[in-house]
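Look at the two complexes coming up: chain A is in both, with chain B in one and chain C in the other.
Here is the complex of A and B:
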């Protein structure tokens, strides 16, 4: 479980103001544009930045009271590769062994072999895909209750992404009380894997609900100006004026399908919702 | 000299024979493993095909298909459904979606979840199946009656139509 209560962090030209409640046994997605506050939120959860207001809890313990043993129970992938570029896999394994009591060396090497990571090359010679896989494997190499993954699939092709998402599913299968928070720019990653979706923009959470509700109860309505003026907008959350019409975000898809049978009603996606919420206007 | 030579040959033969035995063992193990896997898959007679582009919510599709398979006997009483995690992995959807489907099936009496063991097809659901089928027919009949009233079609005409249909 991860809970953020009213975290506020002020920078010179950016203010973060977020609250999150992630239940145990769930995989949660965080989406947002670059600079929206995703990485800042992750850094706050990992205790890497200070904050004046707000409390963060992992497994019901305030992270301010965390000891070394508690920190070992968190696995993370950050956007910068945190191993020296001249390390080889065996050097990485040495560091992990010295850092985590629960590091499973044999399993780590087995996974590296499974994903064909070269044992004789330095990290600087790895492809982007290999670097990304190595980061995820290090996060999974020790026993944890919580995984914080900041864009773990960036730069990966569809097959590699599927492998990584599969690893996350396996991780959850082994212990039903684990929690995962993952950020991604890839809509389908979030839609296929995550139980809940949080959207962050300009430092604030602008949307948060079960992913399957986003896919089944929300929709995009595409209408012309006249229809927009006269239609029932009580279930329209936001809209975006395009050149040839207006696109509306609704959370009551069935209402519009039933009452406006000729209206174009499209299934919502994470990407589409982001576009309307960010580039459109709220109602 | 000869004795040493003979000893070497014996050792070679022993080594070759051990390698042969090992290979036979590995082949047996692999074929056993495949049989076990196939058997495991066979235990799940359930088939679910999800249409991601459909307007029907995915959890609804899962519920519909499981109900249909219980109704036509593909899924029998006490058959185990795949775990929430396993099904979500196979269908490439979130575990919460599968859980919603299983929860609703359980609320309507089609399956039972045994904590720590899994979800199983409920044996006592023939009542529910019958009732849900009756409700389906009632809903359709009600629609027909509404349309009839809208266009001024009389009760007698409706009965005539019904007699004709049920005689077929």
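Here is the complex of A and C:
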């Protein structure tokens, strides 16, 4: 379980103001443009930055009161940070073994073998895909309740991404009380993996809903200005002007199909929803 | 803290070729200069420096962010850095002292006396001073900027020294010209025993070392990664 209550972090040209409530047994996606506040939120949860307002709880314990045994229950992947690239996997395994009481050395090496990660080669000689897999395997190498994954699939091909998403699914299947928070620029990863999607923009959560609902009930309504002026807009979340007229984001796809049979109603990806929510206007 | 110590040992072991090369140079100097004190100072400083360079390795590729997500507190991280640096320095000092003692007895045919022991003990002071100076700078400024800071500090020290040295030639009496290092040293040696001076030096270094640890702790507690 991860709960963020009114977290505020102020920089010179950026202000973060976030609240989240991630239930046990869920995989939660955080999407947003570059500089939206995803990594700042992750860093706050991991205790890497200070904040004057708000509280963060993991498993009902304030992270400011965390001890060794609390931190041991968290696994994390950071986009651009890991052990020294001059280490080999066998060095990483030795450090992890001395660090985590629950480190499963045999399982870690088995996974490395499964993904053809050489244990006797420096990490700097790995491909991007191999580095990303090693980061995820490291996060999964000990017993945890919470996984914090900042862009674990960035820069990877579709096969490597699928491997990583598969590992996260396996992790969740082993214990229904685990919680995952993952950020990604690739909306299809979020759509395939996450139970809930949070959208962050300019340091604020602008939107969140069940991912299944997003994909089944949300849609784009493509209308001309005359229709837009007269239509029922109670289920329209946001809209923006396009060359052909107006594109609206709705959370009641069936309502418009039933009541406006001539209206163009199209399914949307999370990326497309994000574009309307960020670039469009809210009602 | 065991995981952090193993991490730093792995980093240090990656520099074994460099260490062996430096050790070879040290042994050559020992036999050519016939000065056992040199090898002790050389090895102690080298190993002490090796301990502190692990800070720079941690900082590479934003590594600190990940390291601080491991289940260690920031205090444990800083404490490990100081302990590792001291341990590396002590290892260098002990090994080099034994080598120096053996070579003094076997090759130089001189007995081990108070002069040898006092000389060896003198190098405990820089052993403490290296982490004392370097760790807070490395933690505060990071690997890249700390080099600039170190050069700046050295530049300031040399500039002050230069001003003091040149001032009399411009007719400025900054200090008493009769008060040379030899005079000061002789004055201290006359009033205090050599052992007491070394003990005082080590105690002062230790106090600075603890102060440095507290500064580093304050730096890392405030720093954002």
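Here, the second predicted complex is superposed on the first by the 282 of 283 C-alpha atoms of A that agree within 3 Å, B and C clash if a C-alpha of one lies under 4 Å from a C-alpha of the other, contacts with A are read in each partner's own complex, and residues count from 1 in each chain.
The definition used in the following text is that contacts are C-beta pairs under 8 Å (C-beta built on N, C-alpha and C of every residue); 3 or more make two chains touch, one makes a residue touch a chain.
If you're wondering where the values come from, they're calculated on a predicted model, not measured in any experiment.
Colleague: Quick check on the superposition: with chain A as the shared anchor, is it clash or fit for chain B versus chain C?
Modeller: Aligned on chain A, chain B and chain C fit with no clash.
Colleague: May I ask you to decide whether A:160 touches chain B, chain C, both, or neither, giving the answer as first, second, both or neither?
Modeller: Touch partners of A:160: none, neither chain B nor chain C.
Colleague: Examine A:275 and indicate which partner it touches, taking first as chain B and second as chain C; both and neither are also allowed.
Modeller: So A:275 meets neither chain B nor chain C here.
Colleague: Looking at the overlay, does A:49 come into contact with chain B only (first), chain C only (second), both, or neither?
Modeller: second
Colleague: Is A:192 touching the first partner chain B, the second partner chain C, both, or neither of them?
Modeller: The answer is first: A:192 touches chain B but not chain C.
Colleague: Compute the least Cα distance separating chain B from chain C in the superposition and give it as a whole number of Å.
Modeller: For chain B and chain C in the superposition, the minimum C-alpha gap reads 28 Å.
Colleague: List the residues on chain A that touch chain B in their complex, please.
Modeller: The touching residues are 25-27, 166, 169, 172-173, 192-196, 210-212, 215-217, 253, 257, 265, 267.
Colleague: For the complex, give me every residue of chain C touching chain A.
Modeller: 2-3, 5-7, 10-11, 14, 57-58, 60-73, 222, 224-225
Colleague: What does chain B use to touch chain A in their complex?
Modeller: Per the touch definition, chain B meets chain A at residues 53, 55, 57-60, 83, 85-86, 88-89, 92-97, 100.
Colleague: Across the complex, what residues on chain A touch chain C?
Modeller: Where chain A meets chain C, its residues are 43, 46-50, 68-72, 74, 76, 78, 80-87, 91, 94-96, 98-100.
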